[in-house]
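Each of the two complexes below includes chain A, the first together with chain B, the second together with chain C.
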Partner chain A sequence: MDDVLVIGAGPAGLSAAIACAKHGLSVRVVDEFYRSGGRLLGQLHQEPDGSWWNGIDEAARLDQEARSAGVEISAGVSVYNVNRIDNGWEVSTTAGEFHAPMLLLATGASETAVPVPGWTLPGSMSIGAAQVMTNVQRVRVGQRGVVIGVNILSVAIARELQLAGVKVDRMILPPSSAVTGHAGNPEAVMRSLLRVAHLAPSPFIRWGSQLMKSHWMQRLGVSLYPAKGFSMWDIPIQLRTGALEIVGSRQVEGVRVARITPDGQTIPGTEEVIPADFVCIAGGLSPLAELAAIAGCPFAYVPSLGGHVPIHDEKMRTPLPGLFVAGNITGIESAKVAMAQGSLAGLSIASTHGVLSDQSLIQQAIHQVEYVRQKATIQFHPEISSGRAIISQMATECMGI
Partner chain B sequence: MDSHQLIVCRCEEVTLADLLETAQAYQCTGRELKLRTRAGMGCCGGRTCRTLLDQIIVQTTGQVPSHTVPLGYQPPVRPISFTTLGGR
Partner chain C sequence: MSQRILHHPVLGSLNQRKTLHFTFNESSYTAYEGETIAAALLASGVRTLRVHEEKGTPRGIYCNIGHCYECRVSVNGVPTVRACMTLVQDGMEVTAGTVLPTPLKKGDVAHG
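Presenting the complex of A and B:
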């Protein structure tokens, strides 16, 4: 039996495993994917200072560090149940049952689907699938694609596709419906895009983002938004074009689109079909917390963190004894925040296990998470800090600390 | 294609029209919507459409999401073989 079982070998899980192992605990990490690294594996982007963030290198570094610290990593293993037992947790996996007194859930996030008519045609995929095929499996997803859904994640991945030589013809919005929420509303999309405009390479967009800080300028910006869109890295982003349907007889052959009003209504007589052999649908991310739910952990609904997240305190402890969380399961943020949270969770586990001699390390790690969060280039949501405060408050009420 | 014929739950082939009509007619919870239409009860365990069902309930009934996860989770949370479950 191991001292600690970690579910998820992404940035959070591996960082936690390293911290635990360095304090003398025996640690096993399981992950559903056939190799470790989690969503780091797909990441490739340029930081504002010009340096490149290569997720594959980061994943290799963490994997190496974990293994040399003695961590056992089991890839290609799915967890389908967790049960609380007398002094710990029983975890059922496709490689058998594991038992450990301490369990860390670092299961990350899942993509939110955005149904578009025709989305069941072959050649239609989520933007995350396109990212994995391109950057991990090195498979060309198609010759000419359209991205439906404009958000921070999809702009970053469209850029990755382009770097790999895959043509992204344009990025447009999903149809406005009961299941697309704000994603089909140009004004709402414009507001969220402006939060990342400082990453845009074009000085013009940077200038535009300064101009559009006031609400009425945003409205004007959307109503005057050019039909061809603005380009980021030569990919046209067309906020005033909406997808009506993905078309094709046996596979994707194109997307039927129309011009849309600033609030997302289709403008009659503007329909056309854009040829494409693949379509990426981007609906954003939500915390993947199913194991926390079956473990019996209480939840909080916090939209700024991506939806329902397991309640946890600032030391990443849930109200259930021996159950910890770290990374995107606690709210959607960058991989760097996930790493900092993982290191903190690892120290917290070591402390609970009674092997952490220097308790001040935990306070340092808590500050480090906050520091990385404040420094993050990409804020997935402007209200992350207040969302975190809500969780802390609920943890205090729930855990009586 | 009529956008109302849009498939939301792929496993059980439940359309947006089915879901909207059911939610409007019964002004129900997400769980009742699931049980009435079978959306989210297919082999993937609702991994794709779960959040969409939540949104449909919010939009059609005006119910504010609570801190409780609207649709419960039951093990196994991944499709597994009978052999894995203990068979031979």
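Presenting the complex of A and C:
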């Protein structure tokens, strides 16, 4: 039996495993994917200083450090149940049962599905699928694609596709519906894009972001938005074009689109079919938290964190004894925040296990998470800090601490 | 023509990798060591991995990380294996799912 079982070999899980192992605990990490690294593996973007954040290298570094510290990493193992037992947790996996007094759930996030008519046609896939296929598996997803859904993640991945020589013809909005919500509304999408416009290479967009700080200017900006769109990294972003249907007989052959009003309504008589052999659907990310639910952990619905998240305190403890969480399961943020959270969770586990001699390390780690969060160039949600505060408050009430 | 990205401006070039052979619906395909079934087939231009069990409409990968099960295939006779999560092994026999009978569904007999 191990001291600690970690589910998820991404940035949070590996960082936690490293912290635990360095304090003398025996740690096993399981992950469903065939190699460790989690969603770090697909990441590839340029930092403001011009250097590249290469997720594959970061994953290799964490994997190496964990293994050197004595962590056992089991890739290709799926977990289908977690069960509270006396003095710990029983975890059922495709490689058998594991038991440990301490369990860390670092399962990350899943992509939010956005139903678009025709989305089951082969060649239609989530934006994350295209990212992994391009950067990790190194296979082109097609010759000419359309991205449906404009958000921070999809813009970043569209650039990654282009970098690998895969043509992204344009980025457009999903059909406006109760399911797509703000993602189909040009004004709402413009507001969220403007929050990251300072990262755009185009001086025009930087200028635009200064211009459009007030609401009426935003509305004007969307109203005057050119049909061809503005380009970021040579990819046209067409906020006033909406997808109606993905078309093709046996696989994707194109996307039927129409011009849309600033609030997302289709303008009659403007329909056309854009040829494409692949389509990426981008609906954003939500915490992947089923195992916390199975374990019996209480949840809270916090939109700024990406949806339903297991309640946890600032030391990454859930109200259930020996159950910890770290990374995107606690809210959608960058891999760097996930790493800091993982290190904190590892120290917290070591403390609970009674092997952490210097308790001040935990406070330092809590400050580190906050520091990394504040320093992040991309906030997935502007209200992330208040979302974190809500969860901490609920944990205090829940745990009586 | 292979759709593999052998050279990448930031990630670099792929080194010589070991070649593997496998079949999909009894046709032969080549993969490189470390490639998933889904990646190897897509590299050869194969997007359709199964058909819907009832309607027969074609399906391929959707999420590519094991969440959605859209890419389920049979591998060496074992059903419901995710093509996006399974590495190709030499000699592997992969088959696509086919339409299954729905004997309890109303209307099947009348329209058959």
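One rule holds in what follows: the second predicted complex is superposed on the first by the 401 of 401 C-alpha atoms of A that agree within 3 Å, B and C clash if a C-alpha of one lies under 4 Å from a C-alpha of the other, contacts with A are read in each partner's own complex, and residues count from 1 in each chain.
Following the convention adopted for this analysis, contacts are C-beta pairs under 8 Å (C-beta built on N, C-alpha and C of every residue); 3 or more make two chains touch, one makes a residue touch a chain.
Fair warning: this is a prediction, and the values are worked out from it, not measured in the lab.
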item	value
Chain B versus chain C as contact partner of A:101, first or second or both or neither	neither
Which of chain B and chain C A:186 touches, first, second, both or neither	neither
Partner chain(s) touched by A:163 [first = chain B, second = chain C, both, neither]	second
Chain B versus chain C as contact partner of A:54, first or second or both or neither	second
Chain B versus chain C as contact partner of A:138, first or second or both or neither	second
Which of chain B and chain C A:175 touches, first, second, both or neither	first
First, second, both or neither for A:110, with chain B first and chain C second	both
Partner chain(s) touched by A:120 [first = chain B, second = chain C, both, neither]	both
Chain B versus chain C as contact partner of A:286, first or second or both or neither	first
Footprint overlap on chain A, where chain B in one structure and chain C in the other make contact	32, 78, 110, 113, 119-120
Contact set on chain A toward chain C in their complex	32-34, 39, 44, 52, 54, 56, 76, 78, 110-111, 113, 119-126, 128-130, 132-135, 137-141, 163-165, 250-251, 288
Complex contact set, residues of chain B against chain A	1-3, 5-8, 10, 16, 20, 47-49, 51-52, 55-56, 59-60, 65-69, 72-78, 80, 84
Chain B-facing residues of chain A, complex	32, 78-82, 92, 94, 110, 112-113, 115-120, 175, 177-179, 181, 244-245, 286, 289-291, 293-294, 298-301, 307-308, 394
Contact set on chain C toward chain A in their complex	3-6, 8-11, 14, 35-36, 38-39, 42-43, 47-49, 52, 57-68, 70, 84-87
